[in-house]
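You will see chain A twice below: alongside chain B first, and alongside chain C after that.
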Partner chain A sequence: MFLQTLVTGLSMGGIYSLMAVGYSLIFSILSFSNFAHGAVIMLSAYIGLALATKAHLGFGLVVTGSVVGAGVLSVLNEKFAYAALRRRRAPSLYLMISAMGCSMFLENMVYATIGSRFYPFPAFFGRQIVTVGGSSLSLLDLFAFIVSIGAIVALHLFITRTKMGIAIRAGVDDMTMCSLMGVNTDRLISLVFFLAGAFAGIAGIFLGIRYFVYPTMGWVTNKAYIAAVIGGLGSLPGAMVGGLILGVLETLISTYVSSVLRDVFSFTVLVALLIYLPNGLMGAETEEKV
Partner chain B sequence: MDYILNIVLLACINMIAVAGLAIFTGFTGLFSLGHAAFVGIGAYTSGVLTYHWNLPFIWAISAGMAAAGASSLIIGIPTLRAKLRSDYFAIAILGFGEALRVSLENLPWTNGARGLSLDELSGPVWVIGALVICLFLTHNLLISRFGSLFAAVREDPVAAEMAGINLFRTRLLSLVVSAALCGVSGALLAHRLAFIQPVMFTLTQSTQLLASVIAGGMGSISGPMIVAFIFSLLPEALRGLNMWRLPAYGLLLVLIMTYRPQGIMGYQELTDIFRKARKRFK
Partner chain C sequence: MSDNYLEIQGLHVYYGNIHALHGIDLSVGKNEIVSIVGVNGAGKSTLMWAIAGVLPIAGGTLLFDGAPLPTSPHRIVALGISLVPERRRLFSTLTLRENLIMGAIRRTDREGIAADMERVFALYPVLKERMSQRAGTLSGGEQQMLAIARALMSRPSVLLLDEPSLGLAPLVTEALFDTILKIRDEGVTVVLVEQNAFQALEISDRGYVMQIGKMAESAPAAELLGNPLIRKTYLGG
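Presenting the complex of A and B:
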């Protein structure tokens, strides 16, 4: 029973990590909370759903399509809603309001056009079960966990080992200096948004398969913000660890205490952390603490 | 005629909550995604009091106002003392709102998600009277020393602190006043609609309040008032386009931030504009 709960928690945590990584990437480069991230996740789930049910594609192609689709959406989102503000060096509050507006726009566009129905994903994994040491683990859970961790490790390698990755890290450190050194910052930011969108795409597919696809499914990104804060905003390993910790804690709470208290618990953790450990487990010292 | 009166009264109730948020976001410069929770606390406190104990309406409103103000301390004291970045604060207060909704759905005397049926007590006199009193008090607060403190904290927290302003106390005061106004609005709303439900006070409502404040203009009360009034009337005028109202609000927020971040009346009031116009004609 405990092992089963742990694996469910880890797989939920893996999905939280994927969302937290995207959120953290954008935060680290533009230092604002991208509230539209949840809407991108929701749209990616709809893209995946359309590919799976209308085009009858296999799982691999569905994931690829939704990753690319979400990446492009995320870049477009930046171009339309943030680029002008960013060039004007507007305060991060403005970017945040604009993000909120985007999320409202996208979510309610889906309501108005597709409708508020809950769509189930076709059963890619069925109810297949792996038995380990006497407890039965769902294949989907194991798979979600492994894919999430794999994707985050790949991103880490990309950021630490490639030239583009170095550019991203330089941009995180000092955007002005980076552009003086001849890096095209517009392209750099588009790249970051594409990466964040791609991770949102994977997260959207797994969320859709686990639960349903519906217009407000993106609200679960609130948990990703919490995960990112637990790990320390702007730190990728931190986002992963934070996501896993949150996923496991939440599953333990809803299994052994009460499922109603789960969300109350997460937000209490958030507030407590922000007060006692505002830099999270692995975050760098934040200068702006206003 | 009853129909129009009803809409105007709902618009007035909405304006009270928007005035509250305008103090906090527009004048003190903190971003809140959870003010609908304070409206909810006001609505439920007053609703439970009139439903279970038949308290006179004026006491129910006062209790709703007090409860909303007091509950803002629960979230305000820890988060504002820690001097969180504005987006951390927004997320923390969002969490507060969600936690509140879950609690309302599970408390014994709120009737859960099914909602609470109340008497229709807030007539035109109550609503318009409350709006006038609230606006009068807000205006006086904002032209007082506290109004200047709020603006100083908004413009430059570091400089304000250097000048000896206690950031924590100033922000907390602003939060409590704004929550109390939202509480009044909630109490009136509950007894206007004669029915309340936890889902009436979620993120969507918080964003609508925020959209009115931002579109109306930071640092202005009359701007958000005008926008709140228009936002409450428009969906009635455009019944058939109701589905497109929220996407339009979203788009409006993005466009305002891109082209006119100060909102329609940024940092000025209707009276300022009249004064300027008069000068020009002289």
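Presenting the complex of A and C:
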């Protein structure tokens, strides 16, 4: 029973991690919380749903389509809603308000065009079960966990080992200097939004499969925000660890205490962290010398 | 000597509502070292940021090798003009090696980049021992060396140095100025902004004196060093 709960928690945590990584990436480069991230996740689930039910594609192609689609949506989101503010050097509060506007606009667009129905995904995994040491674990849970962690490890390698990854970290450090090195910072920011969107795409598919696809499903990014704060906003390893911790704690609370208390618990953790540990577990350290 | 490699005429720059540069003229010849001296707040750094393309230009012409300068920083670097700003502005959370890679980020010639890394290590041997250390943990002098090395990795033809001696011990400053001469000997044109005007002019071919947003004087460096009025006002005696 405990192992089963743990795996369910880790799988949910993996999805939180994917969303939190997207949040953190954008936060670290533009210093604002992109509240439109949830809308991108929601749209990616609809893209995946259309590919699965209308085009009858297999799981791999559905994920690929959704990842690319969400990446492009995320780049467009930046171009239309943030780029102009960024060029005018607007305070980050303005970007955040623009993000909220985007989120409401996109949600209501879906209400107005597709409607408020809850759509289920086709049963890609059925109710397949793997038995490990006497506990029966859901194949979907295991798969979601492995894919999430795999994607985050791949992102970590990209960011630490490649030239483009170094440029992203340099941009996080000092965007002006990054442009003085010869980097086209508009393109660098688009790349970051694409990556964040791609992660939103994976998260959207897994959320859609686990629950349903509906216009307000993106609100779950509140949890990703909590995960990012637990790990320390702007830190990628932090976002991953924060997501996993939150997923496991929530599942333990729902299983052993009460599922009604799950969200109460999560938001209490958020408030407590913001008061006592605002930098999170792995928050960005700053070091400057004259 | 001056064949107008970098030529600036009537440059106006605003910081919000503040008129920071009032029609600056500056001309730098190929392979020269030109110093810009002047009191704090004269607009020397503003001029550097404007040439590098970071500050928007409100009026005037900037020509490099006869052609107008582009307006975005990454295109200006691509032409071969590289700025080492005041207070170094290293990527402090990146390692020394990663900072150098950033300097060469536009280049694709692997062997050339490796050769240039060896070249900057020959110039600043102490950097080689600190390859995987974070830039933020280096000493002030090492940070300044790294800042110049990072700029050299783009193979610039013009190096803009803003207050390189700021916060450095006198001996370190002297060594730094020696390397600036070496860099010029390798064919790089240097524009040097310095508080430390005396030492800057000593290694320069020509000097400009800047005064609250305007150029007050321009002359061969030796002449400026010999002018008693200039000595009194700007060189501290």
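Just so it is clear, the second predicted complex is superposed on the first by the 284 of 290 C-alpha atoms of A that agree within 3 Å, B and C clash if a C-alpha of one lies under 4 Å from a C-alpha of the other, contacts with A are read in each partner's own complex, and residues count from 1 in each chain.
Here is the rule we use: a contact is a pair of C-beta atoms (placed from the backbone, for glycine too) under 8 Å apart; a residue touches a chain by one contact, two chains touch by 3 or more.
Just so we're clear, the structure is a prediction, and the values are computed from it rather than from any experiment.
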(request) In the three-chain superposition, say which chain, chain B or chain C, touches more residues of chain A. (result) B
(message) On the A-aligned overlay, A:Y225 touches which partner chain: chain B = first, chain C = second, or both, or neither?
(response) first
(request) Examine A:A55 and indicate which partner it touches, taking first as chain B and second as chain C; both and neither are also allowed. (result) neither
(message) With both complexes superposed on chain A, which partner does A:L93 reach: first (chain B), second (chain C), both or neither?
(response) first
(request) Would you check which partner chain A:A84 touches, where first means chain B only, second means chain C only, and both and neither mean what they say? (result) first
(request) Please work out whether A:S103 is in contact with chain B alone, chain C alone, both, or neither, and reply first, second, both or neither. (result) first
(request) Report for A:V130: first if it touches chain B alone, second if chain C alone, otherwise both or neither. (result) neither
(message) Going by the contact rule set out at the top, does A:V264 touch chain B (first), chain C (second), both, or neither?
(response) first
(request) Check chain A for residues that touch chain B in one structure and chain C in the other, and list them. (result) 288-290
(request) Within their complex, state which residues of chain A touch chain C. (result) 163, 166-167, 169-170, 172-174, 176-185, 287-290
(message) Using the touch definition from the top, list the residues of chain B that touch chain A in their complex.
(response) 29, 31, 33, 75, 78-79, 81-88, 90-92, 94-96, 98-99, 102-103, 106, 157-158, 203, 207, 210-211, 214, 243-244, 246-247, 249-254, 257-258, 261
(request) Give every residue of chain C touching chain A within the complex, in rising order. (result) 52, 54, 72-74, 77-78, 82-83, 85, 87, 89-94, 98, 101-103, 105-106, 134, 136-140, 143, 150, 154, 166-167
(message) Touching residues of chain A toward chain B in the complex: what are they?
(response) 32-33, 80-81, 84-85, 90, 92-98, 100-109, 111-112, 219, 222, 225-226, 229, 260, 263-264, 266-268, 270-271, 274-275, 278, 286, 288-290
